[in-house]
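Have a look at these structures, which come just after this line.
Below are two complexes that have chain A in common, paired first with chain B and then with chain C.
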Partner chain A sequence: MSANTELKRPKAPGRLKLYFTAALLLVLLWVSSVQTESSLSELIKGFPNMLDLLKEMFPPRWSYFHKIVDAMLDTIRMALVGTTIGAILAIPVALLCASNITAIKWITYPVRLVLNLVRTMPDLLLAAIFVAIFGLGPLPGIFALSVFSLGLVAKLTYEALETIEPGPLEAMTSVGANMTQRIVYGVMPQIQAHFISFTLYTFEINVRAAAILGLVGAGGIGHYYEVTLGFLEYDKTCVIILFTLAIVLLIDYASTKLREKLL
Partner chain B sequence: MSMIEIRNVSKIYPNATKGLNGINLSIDKGEFVVIVGLSGAGKSTLLRSINRLHDISEGEILINGSSITGAKGKQLRMIRRNIGMIFQSFNLVKRSTVLRNVLAGRVGYHSTLRTILGMFPKPDIDLAFEALDRVNIVEKAYSRADELSGGQQQRVAIARVLAQEAKIILADEPVASLDPLTTKQVMDDLKKINQELGITTIVNLHFIDLAREYATRIIGLRAGEVVFDGPVSEATDERFAEIYGRPIKRDELLGDVSV
Partner chain C sequence: MTTKSWHTIVPKPRKNRYRWLILVALAALYVWAFSGIPFTGFKETAAQITKAIVTGILSPDWDFVYMPEGEDLLRGLLDTLAISILGTFVSIIIVIPFAFWSATNMSRSKAISGSGKIMLSFIRTFPEIIMAILFIKAVGPGSFAGVLALGLHSVGMLGKLFSDEIENIDRGPVEALVASGANRLQLLWFAVIPQVLPGFLSYTLYRFEINVRSATILGVIGAGGIGTPLIFALSSRNWDRVGIILLGIVVMITLIDAISGFIRKKLV
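Presenting the complex of A and B:
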């Protein structure tokens, strides 16, 4: 009897794949660290330096605060305008990408390809390019954030679009609605909460991104990082960091609460 | 002239299975037709061919004399406007209000811009409320559709068709996801509308006693072909057994429901 059950048992799947993956990961890690000449001992050796830096940062020079309020507000404004422009432009793009709405593969695939290309561009690179075109100031920063938001919101929205219920769309077809009416009555009510949520999420990311865009001359608080770090005024840098942290936490919290309410 | 004229209609799916095979039917104004058959017999395909949610492979379908199978663009939408459809899964927009769902039936009558802005004229809104009143659900007008029970949602769908001022109602398994009691109410609503407003009604059903109770004419489909077409009096158990290719089972009867 017991011999019989032994026979019926299927052979346990091999663990070779797991061991191989682990080995591959270790090799990758080792090669990367050798190539970049980074080592744990160096990190430990650098530790006193980090402490020195921290010591210079404290106490923060609070008097610097009033000088950067305007730049911080600019940063938030850039994120706000950039997100809005990007989100609006994302609507038609997302509709063109969604295969259940644009049933023509000749349209959806090329648009998705372009969208993926846009998304591979880091926002800092985009900002640098726009600074080269439009000159210094917040304008190139806004454009960079718009393009970045367009990519992110369109991608998230079209993926959500492809999961909507087809029923209401079919019902709108049956009442004799045209394409626009089908989208407004059959698609929009199903997607709008998701869309607003994605836009808020993108805004959170954009506030963080906008804080460093100034490094390449695209306006906002980032410029002051460069200046204070350049002049080794670490107590001022500390004020900027703390201020940015507070603003980002505040906006993240508000946006998360709003998104919870929406969905 | 008949309301719906189905001429030699066949439908072949891309995987070469025949959905419909040489169907010829003529349905007059005011008829209450019930289509019965096993699942996969082509009931749904036939119904969806009538308002061209499905395209057919061969033949022609005329609605009130004009060909829907040959129509395009605006012409097609104008024909569809006269054909209301009721679905098994209701197909309401769950996050919209009941009233907006009913008004959605009116979009075929107005310009795109007007409907985008949701500016429906007063007579339309009156019509929507009348429609809701007819299916006894007017007090739910400002509720969100997903707050309603299944039976109530199906009545909203019927109100949408009424607001659409359709001349024909196609109902694809309208009671398949409802309990026996609400099934009666929804079927009674459909019958009442058919009799009072003279709207030609075609319903797909799989409960044969329900078919006998409500239909004026029964059409039996089997493997995409019409195997029975006649008045209720001729639709005996033996004929049903022929349509189904086997004796009738218990679960094909809804049973007695006292309302």
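Presenting the complex of A and C:
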């Protein structure tokens, strides 16, 4: 009897796959650390430098504050305008992507593919390219943020569009509504709260992005990082960092509260 | 049961009383935003450069893909990948204690987990590019600064996702182990870790996808990766080279997203 139960005991799952994955990961990490010339000793050697940097950053020089207020307002403006343009452009794109509204496969798939390609571009790279085209200033920054927002809002919206209730749409088709009427009375009431929520979420991301776009010359407060770091005025840099953190936290908080109310 | 004849008119839902106030506030906001933008028109060369970039993308500089004497596309992309792999790894090491610290069901008082959550959201709001600038001052320009910046920045998001995962575990296995006299370490190892591991791995892969995107821009400030040759090509107006680098970035990110998405679907 005991021998029988011994036979029936289930075998532990094979560990070979686990070991193989672990070995693969270790090799990957090792190759990566060789490639990036990372080492723990380097970090420990650099640690005193980091402490020095922190010591120079504090106390922050608050007198610098009034010089960067305008740049910060510019940053918020850029984020606001960029998000708005992107969100408006995203509406037709999202409608073209959603398979329950545009029922033609050879339209939805190519548009989705293009959308995915647009979303692979990080915002700072877009800004660098637009600066090369349009020159320095907030305008290329706004364009970069618009393209980035277009990708994000369109993707989130079309995914939400595909989950809407088909009932109202069917009812409207059966009483002979045309495409525009179906979208205005059947789709919009179902999607608008989600759409506004996605736009607010994108705005949060864009405020953070706009704060660094100045590093490539695309306007906003990012430019002052280069100025202060170039002159080794770390106490001024500290003011910029703290100010940005405060604004970002404030906008995040307000936007999250609004989004909670919407949905 | 009240009988409702079919011609009873259903009243329209009441509209928000503050609708007009909200609209006016929004309008004021947009007037403020648009009036502050210096719309000076485009440079005359804008159309010309756009055309050059488009032709650059259509006729990329294929020679740049591999050059025997360093600094080519493949090495740049490899460097970017290495930065994101190592950055993700560094963040996992830092994040595990943070996640347990800020999970409400793992610490005795709300004050402890609350302080952890505040720490995490503070790290999250700090842009990785700024972190990279600070690390460059510490360890010198190069990929290592990028690794450290990504590693530290990822902690903010991963810590929040991980601690949410820990808070959602099933209490059953934990109680069973407590009843049979397990100590805290055994609890962690046999009841908590098996439940959270798939979620942790999936989130890590997701963050890895984001890190690959971030790593492509680190080169802009001199923290290694493909961004450095891109900025050089842009400033020297070498549009064919810009084209091939953009193409390389798009292909790499699409591939990574596909592979990582496939593994994540299998995990969860």
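The criterion applied here is as follows: the second predicted complex is superposed on the first by the 244 of 263 C-alpha atoms of A that agree within 3 Å, B and C clash if a C-alpha of one lies under 4 Å from a C-alpha of the other, contacts with A are read in each partner's own complex, and residues count from 1 in each chain.
In the analysis below, a residue touches a chain if its C-beta (ideal position, glycine included) is under 8 Å from a C-beta of that chain, and two chains touch if they have at least 3 such contacts.
As the structure is a prediction and not an experimental result, all values here were calculated from the model.
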Combined model on chain A: chain C and chain B, fit or clash: clash
Partner chain in contact with A:T120 - chain B first, chain C second, else both or neither: second
Touching partner for A:L215 - first (chain B), second (chain C), both, neither: second
Which superposed partner A:A128 touches (first chain B, second chain C, both, neither): second
First, second, both or neither for A:F47, with chain B first and chain C second: second
First (chain B), second (chain C), both or neither touched by A:T180: first
Which of chain B and chain C A:I85 touches, first, second, both or neither: neither
Comparison of chain B and chain C by chain A residues contacted: C
First, second, both or neither for A:L136, with chain B first and chain C second: neither
Chain B versus chain C as contact partner of A:I196, first or second or both or neither: neither
Touched partner set for A:V227, first chain B, second chain C, both or neither: neither
Clash-bearing segment of chain B relative to chain C, given 129-137, 165-173 or 219-227: 129-137
Of all residues in chain A, those that touch chain B in their complex: 165, 167-168, 170-178, 180-181, 184-186, 189-190, 193
Residue ranges of chain B touching chain A (in the complex, touch as defined): 51, 53, 74, 77-85, 87, 89-96, 104-105, 107-108, 112, 115-116, 157, 160, 164, 170
Of chain A, residues touching chain C in the complex: 28-29, 31-33, 35-39, 42-43, 45-47, 49-50, 53, 73-74, 76-78, 80-81, 84, 116-117, 120-122, 124-125, 128-129, 132-135, 137-139, 142, 208, 211-212, 215-216, 225, 229, 241, 244-245, 248-249, 252
Contact footprint of chain A on chain C as seen in their complex: 29-30, 32-34, 36-40, 42-43, 46, 49-50, 53, 78-79, 81-83, 85-86, 89, 121-122, 125-127, 129-130, 133-135, 137-140, 142-144, 146-148, 213-214, 216-217, 220-221, 224, 227, 230-231, 234, 237, 242, 246, 249-250, 253-254, 257
